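Pasting the structures in now, so scroll down.
Both of the next two complexes hold chain A, though its partner changes from chain B to chain C.
For the complex of A and B:
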């Protein structure tokens, strides 16, 4: 075909040269550490030293503790709440940008969404910590109109503000992408047949953009499920999330095997959620055209 | 029509929510008061002076620059190689290969941090800049790959064979045809990977030990008192990463106007 006339050897040095970097790097420094993480959950700590072993002690220890399951449930609920909140809050905006805004406005919006996605989540979370505090800007403004002060930090509200800061740009971007790909003729046809704008959105647009909308919510779930900054610094850390358990076990408890039990549980959960979502997005009969 | 108005207002509100913390951090970094809030305490550069003379901040800043410079070059090279492999070759196991190359950013950085901490402690790399660099390349390379792959998608698959038929070797073709074509996306990839690395704090926090990068320093400061000094550092970090991310987008979207 399009390759040069030279006879093809069994191993093509040229091809190997380009394929090798990612293969080597991600096997050595991505796959291997994850495998170490899994195997470490079976190791023991003897005399403050980590010793390779194969025991189920760490798993038993974590899985029989109430605080572990409380943390798991709490984290799962928070991530689910954020996935729903982010989707619902983002949708009118994505819909506006996809169908009503001018192309120039849409380009600006995308720039204003992509940039925060790549910049300083930590700094933005810190900023909310000041804005939401008792003496912060918001409470000062509320004070002017005789309201508050409201307690907006160290509770679920604070944590959610942080989570939404983290995932809102990505959720809008994916929704915008999904809505932009909806066939305009479908919407026009619905309107011609006398279907109102709201009804069209719910019966035509949303089903047509279903895959993207589900993916957006899934990414919101994944990002918030694994996040440490928002629950720790804005949510107050009580009750702890899975991420806080990991940091506590690693940084202060110095018990890496238990931390890795928590981490492996999280990875398994995320994979399950991802596949369930993909199944819901693509798998449903009747959804395929 | 009023429904449209409401929707526009909602959209503006959502963007305000996204941009408010950024505006607030920059504005209050110039506020003279000890607590960054209203009422306005007067314009001041005190907090910038304070961080310029802070050795831990300066050392962290230099480390972050070093790390992100090296990471961007390594990650972009790996990203180009992977994108080209996907573009040019078909082989058994291509799907798992691409999955391996693309998956790292989907694993929470906290978990990657813990995994790398345990892995690097076995090979005695914890507490070195090398550990941070290696970890950052893992999560940055996929972004570089995606950007360069999008650019390659716009290159006609016949161009390289044309160069081969004219007698150029495959290496020569890459150098004189493929890389020049990809150049905007290569620069975009350098910028975006530098931005991601410059901002990354979780992996760095786990594996850096005493070699704190700037975001890790910020994380440490966050655990203490609220201080406008964090606003000043945050504004600087923010300025750098916005510049890099903006540059990357400019370079990556230039394609639209060319073709």
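For the complex of A and C:
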């Protein structure tokens, strides 16, 4: 039986009421600051004082500097590298947990994958210094077998270790959910039609879990593209990433407008990446297949 | 013993345990080349487990499976040639219809790409899905998906086709249509079909032989008519057909004394005087009358419900001791009785249709 028009409107209103807090929160603390950020990129700094204005010179200044584009490219490459690395390293673990591990083992693994979020990421990144430094735990162990010492801090390797610390648990979790939702009959059917286990993983399992796998990689990209801790404390800050550039602009000369230019560029990049990823996953952005 | 070469597939004491539960007790039977065998039973009876072991998707805990005279018990699924049609169809959603149909050929690597495409096209044509070749699977209806699943399996041109409740996701009309199509395919291809179903009508309509399974055991295996007319035990008698089951003590003269009176049953196994005997009365062999006929094997009954299913009417009667009796009649036969729910009538049957089951050990 069809619901009468009036009560249907009541139900819609009820749903909207409960949806409102989350939407208001997003508007107040994401959209509004974003608009402030965008407008600030057109302000000027006079005598170290921030002055509202509408000039394009911040944009001109940043976009014509080689160091800006070098930082942009470096950040983009690092984030892309981390997205690929995290996806590749996480996949065997996610696959094992989804298909081979017992349900009890899987629950334990999920618990352990969530616990890193209990502690501050800053602390976790810092603790890597003890392990990776020239006199650190790893190099001591390498020393015993006559290797090293290796330079593992203040370079891309150190930064990547930090990035992976940040995003690996999440990547495994998202991949695990994606793989758990793959219809087991598809895998059985592939075997049944003569496809061995390794080949099945590539021709059936990965395409079937595509959306989740892309989403996991996208998360890794987004988290590391915007991260400050890893490139600054483990990567040594040279060459700088976009996040380091922002800090540099605000620290030296209190130049918030230029920092805003960097930030807006980052936001636009991330939105573009996200839409591209969703398009690749679903066929069209935000839509269903 | 027959020569082993006659059987394409032999199960020898195949057993399957999952932890503490036994999904399949030691089971042995053989399948002949070109046969249409249906495994039928309620859910959890072990029929799907048996099929999955044939496909290599599960491995027996004990026993052996032989293809002709080759032991394939531990052969991984991708090395067997027994494509399966799945209840869920299990079509690859990220591939087109043509890619799905070609999948097995590609994996087996037996032919070149053009030969593969040609073969896939032939099967799509044969199953009437050629027009959808370039479509994604999720753009197809249930019936069309079923045909893709069939084409994908048959494109491998196997000796044995496994079917796991292939029609259960279709609506009734389509199911009947696909049923006749399966029967035609089986006849034309001459390959062996092993078919799992919980539907008696499907099993009886399609199969040369039916294996009735329950609680991890094959209760009876044989031609549908035999299973229907001469059930091996009480489970089969209750599961297939519309029988009413009576039990009682056998008198010296062979009559069977039940709470409902004395009956005679001369079909099936000979009752042993002094022992308990169980016999069944097929629903379509019962005579109904308004007044007692005064013949042997007659009971008084009350009409409980009447179910009209096309040309047949199934009546449910209640006997004086609470037993429910099923009777099937043509609508035309019933008209002269003018029955209403609650009407008292008399049911009788000749002794030679009452089938005595084998004595329980």
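Definition applied: the second predicted complex is superposed on the first by the 250 of 289 C-alpha atoms of A that agree within 3 Å, B and C clash if a C-alpha of one lies under 4 Å from a C-alpha of the other, contacts with A are read in each partner's own complex, and residues count from 1 in each chain.
Basically, a contact is a pair of C-beta atoms (placed from the backbone, for glycine too) under 8 Å apart; a residue touches a chain by one contact, two chains touch by 3 or more.
Everything numeric here is computed off the predicted structure, so don't read it as measured data.
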item	value
Touched partner set for A:204, first chain B, second chain C, both or neither	second
Contacts of A:170 with chain B and chain C, given as first, second, both or neither	neither
Partner chain(s) touched by A:137 [first = chain B, second = chain C, both, neither]	first
Which superposed partner A:71 touches (first chain B, second chain C, both, neither)	neither
Contacts of A:193 with chain B and chain C, given as first, second, both or neither	second
Comparison of chain B and chain C by chain A residues contacted	B
On chain A, the residue positions that both chain B and chain C contact, one per complex	197
Complex interface listing, chain C residues touching chain A	55-57, 76-80, 82-84, 86, 88, 90-94, 103-104, 107-108, 138, 152-153, 156
Chain A partner contacts - residues on chain B that touch it in the complex	3-4, 7-8, 10-11, 14-15, 17-22, 24-25, 28, 35-39, 77-78, 81-82, 84-85, 88-89, 91, 97, 100-101, 103-104, 106-112, 114-122, 134-135, 137-138, 141, 145, 157-158, 160-161, 164, 170-171, 192, 195-196, 199, 201-202, 206, 215, 218-219, 222, 226, 230-231, 234, 237-238, 241-242, 244-246, 248-249
Chain A residues within the chain B interface of the complex	2, 4, 14-15, 17-23, 25-27, 29-34, 36-37, 40, 50, 89-90, 92-93, 95-97, 100-101, 109, 111-116, 118-131, 133, 135-137, 140-141, 164-165, 168-169, 172, 197, 222-223, 225-228, 233, 243, 246-247, 250, 256, 259-260, 263, 266-267, 270
Touch list for chain A against partner chain C, complex	183, 185-186, 188-197, 199, 204, 207-208, 210, 289
